[in-house]
Structures are given as C-alpha cells and as structure tokens.
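You will see two complexes here that share chain A, one where it goes with chain B and one where it goes with chain C.
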Partner chain A sequence: MKPVSYRDPSLTDNAAQPLLSVSDLSVYFRAGRKSSNRVVDNVTFDVARGETVGLVGESGSGKTVTGLSLLGLLPEGIAWTEGQIGFDGKDIGKMSESEMRRLRGRHISMIFQEPMTALDPVFTIGEQLTETLRTHFPMSKREARERAITALEDVGIPLPHKRVEEYPHHLSGGMRQRAMIAIALACEPDLLIADEPTTALDVTIQAQIIDLIMKIVSDRNTALIFISHNLGVVSQVCDRMITMYAGQVVEDSVTDEVLEQPLHPYSSGLLASVPRKSVSSSRLPSIPGRVPSPDAMPPGCRFEPRCTFAQAGCEAAQVLHRRADGRVVRCHRHDQLTLKGALT
Partner chain B sequence: MSVLTNEPPAVKKDRVPTKFGWLIRQPKAVLSVTFLTVLIVIAILAPWIMPYDPIAPNFGALLQPPMPGHWLGTDDLGRDVVSRLMAGAGPSLLSAFASVGLAVVLGVPFGLLAGFMGGWTDTIISRVLDAMLSFPTILFAVGIAGILGPSMTTGLVALGVLFAPQFARLVRARTLVVRRELFVDASRAFGASNLRIIMRHILPNAIQSAIVHAGLLLAIALLAESSLSFLGFGVQPPGTSWGAMLARAYAYMEVNPFLMFPPGIAILLTALSFNGLGETLRVLLDPQSPKA
Partner chain C sequence: MVLTRASQRMIGRRLLQFIPVVFAVAFITFMLLNLAPGDPAELLAGEFPTEERIQEIREYYGFDRPVIVQFVDWFSSAMTGDLSNSLLSREPVFDIIASRFPYTLMMVTYAMIIAIAIGAPLGIAAAARPGSWVDSIATGISSFGVAVPYFWVGMVLVAVFALKYPIFPATGSVPFSEDPIGAIHAATLPAIALSMSGIAEITRQLRAAMIEVLSSPYVRTLRAKGLSRQAVLFRHGLRNVGITVITVITLVFNRKIGATVVLETVFAVPGVGSTLVHSAVNKDYVVVQGVILVIALVVVTVNLLADVLYAIIDPRVEAEA
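Coming up: the complex of A and B.
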C-alpha cells in the first residue's frame, strides 16, 4: 500500500516563519466571585517546523496549562487567556469554535498523561481511531478502517488488524499509550503536544514510548512540545528546553547548552536533582521550599525565596534577558553566575 | 513405558466466547426473556385464543372458584378470569413500555443537557426536576388525567411525564462524572464537536444506570397503571388491564379473596422479568464486564 500523506498543501512551508509563535500569553483562573489568579504569566516562545521543544518545571509551574491553552482546551468560564498564539500565521485566539475544531487533531494534536483514562471505555480502539479520521477527512468507513490499521502498525502495535476490534481495557498501559499516539498522529498534525506521556508508565515502557515518539516525529517532520518534569527524558528528546517556574519562562536555551551550563539558578537546581550514579553524595540535592501559590506570588523575582544566589537587587521584578548567544533567561545576575550543569 | 510418537497432542479447539453463548448461560436472563416472549405472544394472539369473551357478563356464574372450564374462576360479573388476564396483558404491557419509553425520551436529553452544560442551564433544569419529584406521583397523574380526560393514553402520558425526572436525575449525575473524564478532553483535542462528544462519548457512558432503572420502572409502571385504573383514570370499562382487574378484585376481597391472585401474580412475574432483563442488558452492553 502506498503511504498516504495528509499534509495540507495550503500550509505555508516557509522555514523562516515559526510554526507556532506564542507571545505574552497569560492564563487566568477564576478564584472567587471577583478575583482571579494569573497562573501563566507573559509566556513567550516560538516553535519552528519539525523542532522538538521541552517544557520543563515542577508541578504547578504552568506547563500543562500552557499546553492546553494552545489547543483552546482550558475549561470555559473558569479560565481565560491574554496574548497571542500564532499558528502558521493565524491567530488561534481569534478563531471561532468551529475553526478551532478543524485545527484540533488535524494540525495540532495532543497526547495525555494517563493512557488508562484517555480512551473511551465503551468503544473499540478502531472506532476511536476512525472517528478522529472521519472528523477531519471525508472517507468511507472501510477506508478509515484500513487507515486505522496502518496507524496502529506505525506505532508498533502487534496484530493491528486484531487490535482495532479490541476495547481499551484489553490493552496494557503501554499499548494504550501507543494507541493514543496512533489516534493523535492519525491525521499527521504539524504540531504534537505531549503532556507527560510517559509519567504513568513503567521505566522500560517509558523508553519504548519515547523512542516511538522521537522516531515518528522526526520521520514526519512534526514539531513537538514535550511537557515533562523529567529532565533526563527531555534532554534525550528535545532540541530546545524551556524552563518554567511559577507561571513564567525562566530560561529558554538549546538543550545541550543548558546541560553544560544553565543560566538560571532554577534550571541548575533542577539538573542537580536528577539522580546520577557518578555522584557519590549520600543525599540527592533538592531545591528547598516549594512553588509559591498563584495568589501569593513574591512581588520581585519569583524564585528569590528559594534561590541560593539571592542577594540585594533580587527582590525586584525580573525581566527576560535575550543574550547575544540567543539564549533567554529571567535573572539579572546571569552574567555573573557560573552555575553547575549536568555535565560539569 | 510408553512409546513416544511425533503426533501432537489432541488440541481442544478454542471456542471463542460469544455474547449469545454468555447470554444463554444466565438463568435469570433466559427465564426473563422466555417469560416476556410468551407473554407478548399471548397478548398479541389474545383475540383468537381466549376461551370466553372477556367483557360479556354471565350472571349465572358470578365469583366462581377455579374449576374445569373456568381454570381461574370468574369475577363479579361472571366473566372468565383466564380470558380477562389474556385480554388485559396487552394494555398492561403497552402502557408500561410506552410510559417508560416516554420517560426515557423526555428525561435523558434533559439530564445530558443539565450535566454537560452546567451553570444556569443545570440550575434551571435541576430546580424544575426537584419541583416535579416533590409532587405526589398519583396526585399529579390524577391531575393530568383530569385535565386531559380519563383514558389509557392519558394515564400513560401522565406516568411518562412523572417518571422522566428520575431518568434526568440519573443521567445528569453520571454526565457530571463522565464529562470530566480524560477521554472527553482527548476527543475534544482530536477535533470532536460538543454534540459529537455528548452523543458518542457521554451518552454511552452515562446510560448504563438508566437502563437498569428502566427495568425497575417498567415494574413500577405496571403497578402505577393499576393504581390509576383503581382510581378510574386508567383503562376504562369494559376494557381491561391487570391493574383494572386488581382494582375490581379488591372490591370483592371479602367475598372471593382468590380473585386478587391471578392479576397480582401476573404483575409480580412480569415485574421480576423486567428487572432481570434490565440487569442483563446492562451487563451485555458494558464492554468492561467479563462475559465468557
């Protein structure tokens, strides 16, 4: 069978223009009758076609909310956004609901954290795959089924013609995540958002799923936003790494450079807390304290209360510095500090 | 010592478990379905297989006990009880099915809407449901029958309207749970519209408890129909239903108590079958429950 490509010819294949361009994105959650919390604060980043970008940070740093807002999937009436999300030159924020629907799954797709609950228990894998395919492409049931079997084969599910007839509870966690990936990638989207796709899986399966995502993404030149708190995985998967802290971007650099020498004390702390065999210290280093809650943000640098390099001047609000080498960091001492990376 | 041969051991051919195979191994299901099938056949064939005319009085044989010729005796007007049971089966079953069917058609969409939309929609629908549920059932039915005029159709419409809030409540509660499931977000992320999400993902996951409840309500509807007939708002004489028979038998309880048993037992067995059917149907339609 000839491989079918669903790449939309109308898309501008302009390499200079980023595929996704997020600028000054803020997300607010309603916190009471009249008050609201800004959980994502002026986030700005670009993703180029085929680029893989990691979004890292602790729980509560706003990385998942950022991911959901790119698809317009934040709970209506409870959360709202400000700023622009440009996708292929169009502003997602100005799109109507039906335009958004045509975008979701077709051009931007998403893999979720929990493969056990992300599939509908009352429909077979095949039915859920064909549903997505037929939403976006006019095709017969038979054709969709053929395509579904190919999609399952692509994600390495054995006996795909048999698995299309099975229900999610017949499959193991790893197989379900493969099926999710098959559904998410069935329409060959331009951008895939993977929200901690391996967190719920055991370690050997994690490695397989990551290999699978990397392989498919590079084969199809799909851009990837990989949301994770697992720096080991992100450094393996991503070209670039965006570190988020308390709803703000604190560092945006090429992965190798961050590993070698992070610019923000928070990135350095995250790298130090990755367990390594070579380090002989008996205790795993950790960052003291916790992420401030959105209604009690420090007025100045948000990381200052937990930062070991804090000094006079750090209590001022921090802005993003774009350095000559292209790296972006939110710390006024970035020129003075020489921070420990993963490789040093 | 035995001689080794290269012949493979006889492999028992794997039998693929089928839904039908599972079904016929459920005694409750088999009994329910058999009983209801026989009942429906009798109800349909009643005009041809009834031994006597169910509405012609015979004043020579009033309130007879069971005897050859009248296997279940005769009622207060000398009519054969077997014939009247057969004639009453149709109206009884019909009103039960129709009223529960109406309740599902009215209740389920409102439940889905309230649960899915939330906010003001939910508040308004829920308060209306509360108001309806707080009304005494029979009083409400009598009220509706009083406005529309007493007949079997009125009775079943009244029952249907009264049962609807129960389905709406059940489905709303399940919808609230299901709409927060990750697979709903996932299908939205793959481009599904709200309508599709409700019909394809929420309804099939929310309907299961409503199916079981429909089985229970069919039984209650049978009894409610008899209450309405008892009060004179159901099947109008000389037509008959099991409820109407029970109501008449009640009036002659002290003269001939046996008269209450044939319609009473018929209602009981039918109600039990409905319950069995509802439960079986739920298991059958749920792909996650083991069937092998």
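Coming up: the complex of A and C.
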C-alpha cells in the first residue's frame, strides 16, 4: 500500500490559533407557525489542536444540538443558527454545502449515541468504511478495503478481514460502536465529536470504548469534544470541561480546577451526583427539579429555580464572567461562593 | 451478495409451500364450481335433450362420479399438462390458455412498466423534498389513482384517444410475436388504465418508505461522514427501500392480474381474463378451472420470486428466519 497523506496542506497548522472557535452560537428551532425556540443561546468556546474538551450537562441542555451545528447537520428548514463557528480560521457558517461536505468526516467527525441504529443495516461494515475513505481520498476499491481492514484493526475488532464482509446486525453493541469509531476516524480528522458514545452500551464495555477513543485521539493528536451527561467520565478523560445548562454555557474551566472547586452551583450539583466507588451503595444525590423547557425559560438566571444559593440579583439575566484566572462562569456570585467539588 | 445458508433454508421452505398452495387453490375452485348452479351435462346436450342423452353425457365425461374422484382425476392430469378439453369448443384447455396468455402477460407487463416508471421516481422525488410541489403532485396523483376505478379510466381513455382522436384502437389486440410494435400500440390504452392504481400504490408506498429511511439515525451518520444528499438518497436510500419496492410490486402485480378480468372484457382483449369471464358465463367449468389454476400458478411463482429477492437484498432476513 502506498501511504496516504492524511495531512491536508490547506490547513494552516497555526499553533497560536485555536482549531475550533465557537462564538455566540445560537440555535433556533421552529415551534409552530411564527414562533421559534432558542435552544442554544450564545455559546462561546474554543478548542485547541489536540485538546480534549468535555461538554457536560443534563439531558436537554443543548449538547447534541451544539455538536450537530458544528457539522452543519441540524435538521433543515426547522432549525437555524446565529453566530460564528471558526474552524482552522475559516467560518463554517459561510461555507457552501460542498465545502461543508469536504469538512465532514474528513476534518470534523462525529460519533453518535446509538450504535444499534447509527449504521446502515443493509450495507456491510466494509462498505460503510470504504465509502467514507473514497468520498474523501482518491482510492481504488481494493486500496480502500485494505485500509478499512487496518482501521478495524486499529479499533480492536478481532478478525477484521472477516468483519468487513459482515453487516451491523452481526456485531454486538460494543463492536458496532468500535466500527462507528473506525468510520469516524478513518480519514484521521482534526476534531472528533463523541456524543454520549457509551451511554447506550453495557457498563462493562463503556470503559473499554472510552479507553479506545482516548488512546486514538492522543496517538494522533486529534482534538476531542466529548459530550456526556456523566461528569464523572468526562472529568477522567478531558483536559477541560464546559458545563452547559438550558442551552447556555455556565462554566468553562480546566478539569482539575472544577474538580477541586467548581464555580457554578450547577457544576457543583453535577459533581455531587457523580457515582463514587466508596459510596456506591447509597443513593446518589441529584439536583432537585428539571431543566426548563425552551419555551418556558426563566427570565433571569436559568438555574435559579433549582439553585440553593439563589438570592437578590439572580432574577436578572446572567452574563458570562471571564475571570482573571482564565475560568469562565455564568453566575454573579462566583466570587462569593465556595462550592463543593469532587475532591473536597 | 451471496445467499447465506439461512436464506437458502428460507427459500427452500417457500418452495415447499408452493405445491400445497397451488393444490389448495385448485381444490377450492373445483369444489366451488361444483356447487355452482347449472349442470354442464345439460348444457352440452343442446336444446330439448332427452333424459337418456343427458345421462349418457354425464357418464361420458365422468360427471356422475363422486366430486373427489373427479378432482383427483382432473388434478393428476393437470400435473402432466393436460387440463382436459373445453366443454364448448372441445379444444384442449391447455391450448386455449397458451394462445390467450401472451395477451394478458403483455398487458400486465406493460402496465407494470408504466406503473414502476412513473410511480418509483415520483415517490422518491416526493420523499426527497416532502412538502414541495413535487410532493403535492405525487400526493395528488396517488389519491386520484386509488380513488378512480380502472374500468372507468379505460372507458374515458377509449372515448378520448380512440373515438374522438383515433390515436389508439378502441378494442382488439395484435399478437406480439407477429407484430411487436402493433401489439404495444394496441395494448397501450388498456395498459394505461390498468396502471393507474399501480402508479398510485407504488408512489404512496415508496414515498412513505423513503421518508422513513431518510429520517433514520444512520442517515445522520452518513451525512456526518461527508456523503452528499444524492449519495444518501440513491445509494443508501434505494437499497434500504428495496424490500418495500419488492413488496409493493408484488402486491400491484397480484391486483393487476385480478383486474385483467374486467379490463380485458372492456377492451375486448383475447386474454385469459376475458376467457375466464366468457367461459364462466357459458358454464364452461373446465376452462374456468384451468384458467384459475394457471393464474394461481403465476401469482404463487411471482410471490416466490419476491421471497428469493428479499433473501438476496436484505441481509437481515436470516436474522428473522
């Protein structure tokens, strides 16, 4: 096999500039004839090359929608975005559909939650891998097939030369998610978005899949956005953690700092609900109440109805504070509170 | 695409069902025809027959034997290709069917081609852009095709394209083997009439199936890999709706075979459908029996072919089998 250059000469590789730069991203969904809901609200964050970033928050916080908008894959006609998404210095929002297509799977890839339904049931694993390769690289069928086998080998699938001929229903959930990872990483993208990649899997397999993802992204220096509602998992594997609540970023800090002392009461609440080995028998404390629905957002701080630290000033809309220590938080009391972390 | 052992077993099972199904159809029609009013012997005896003459005829044809014996006798000859002789013309039923069947086959095939050629692209185009003008047209056509009776369409077509503007013949047929162009020309109006409900059914079912496929989670994966909308629609969409395509085509074919009975009479096409009607009216039960057996054979064969295609096209067949 002649080597394929996965490096794209058009990438600037400018180390000073973040690989991904999301600023004031808002996503709207049409709701009824004239109205719409803003389900992602002015989300701003950067991801550096090779950096691993966790995107955490309860279900309905807008994590998946944020991930999909980075690929320009929101459902057409009913969803639209505002704000800028810079990737390697280029604005994704201004790209044509065909430019976006060259980006998807090649420079930005995404793994979804449901390995059982995320693969086409009537195409073999090999076909689904080779079509990705051949979409982005000029390759013969044979060459693509050989690469597909290597890709399956890389994700720890036994007997890869046999597996390429098999259909998704032949594989177990864990093996399918490995195949999904192989497909997503086949073109060696610069950024991988993993949306709850282990949530649908058996507990015993979850750790293996996470280890696999972490090994590959660190070997290849791939940037990672790891989406999860489980802050415990994210805190173990990500350099940085972005907490989202009700469509907004509420905290963006280096993982160790959050674990030691979270700045936002919501981050602290999530940390308290992470299962810990020592107390696995007792019931987990969870944050009382629910994420407000997009059409009934509290006018002030969105977390206020559930926040035990709420006081005067919280009824006002909260802005993101960029602190001198580099941490970002959306709570006017961030200086006053000393919140409980995972280590305290 | 190679057949796995499980799908081979599935096909084997279907093949084993083939003979009992054909046997059951033959048995039930034979019994029903025997219950029908009218004695074929009286019919054959001509006007003002004597009781002795009728009895003679009964004995000659074996109508006096128990029904079961008659059936076994008829069915075992039928297995060798001898469908006995017409009561009216004395012609072998096999020959009658052999000379009539090509007209029916031609008309049904023609109608199927029209139905697939219009219905399939329309259904897919509608699914690719739900709510668009193409979708509105598709929905309109399929509601019209379902609601309107095909013999009425046939009569309107004749009134317009045969009588007012004589582009096509109103009735009659040309043998395909002698004059293919003429045969196609003559079969056009009945084929169009026959295709209406097929267009409707294929459009509707393909649209629904394709919309379901396009909204499934794996389509999002395909788009996330960088595949174009067209690649998703034509490569993955088509293979995924393959099952539906086979199902709906088989269904439409079965219905069209039934519809030929009326339509061949409307257009005076000398096919098996009009032969069936003509023979039934004249109580020529032997021909009726033979035609129904052949139609049953054709329908069962087409359904068997469909099952084989399922096994080839859908890798999950074995999982369900």
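General observations
We adopt the following convention: the second predicted complex is superposed on the first by the 332 of 344 C-alpha atoms of A that agree within 3 Å, B and C clash if a C-alpha of one lies under 4 Å from a C-alpha of the other, contacts with A are read in each partner's own complex, and residues count from 1 in each chain.
In the analysis below, a residue touches a chain if its C-beta (ideal position, glycine included) is under 8 Å from a C-beta of that chain, and two chains touch if they have at least 3 such contacts.
In this text the structure is predicted, and so the values were computed from the model without any measurement.
Bringing the complexes onto one copy of chain A puts chain B in a clash with chain C. Residue contacts after overlaying the shared chain place A:20 against neither chain B nor chain C. By the touch criterion defined above, A:258 lies against neither chain B nor chain C after alignment on the C-alpha atoms of chain A.
With both structures placed on the common chain, the touch criterion links A:272 to neither chain B nor chain C.
In the superposed model, A:238 makes contact with neither chain B nor chain C. Of 37-45, 55-63 or 109-117, the segment of chain C whose C-alpha atoms clash with chain B in the superposed model is 109-117.
Contacts of chain A with chain B, set against its contacts with chain C after fitting on chain A, overlap at residues 71, 73, 98, 101-106, 109-110, 112, 114, 117-123, 131-132, 135-136, 167, 169, 180, 183-184.
Residues 71, 73, 77, 98, 101-106, 109-110, 112, 114, 117-123, 128, 131-132, 135-136, 167, 169, 180, 183-184 of chain A touch chain B in their complex.
Taken together, the chain C residues at the contact with chain A in this complex read 216-218, 220-228, 231, 235-236, 239-240, 242, 313-316, 319. Touching chain C in their complex are the following residues of chain A: 71, 73, 98, 101-106, 109-110, 112, 114, 117-124, 131-132, 135-136, 167, 169, 180, 183-184.
In the complex of the two chains, the chain B residues touching chain A come out as 119, 181-183, 185-193, 196, 200-201, 204-205, 286-288.
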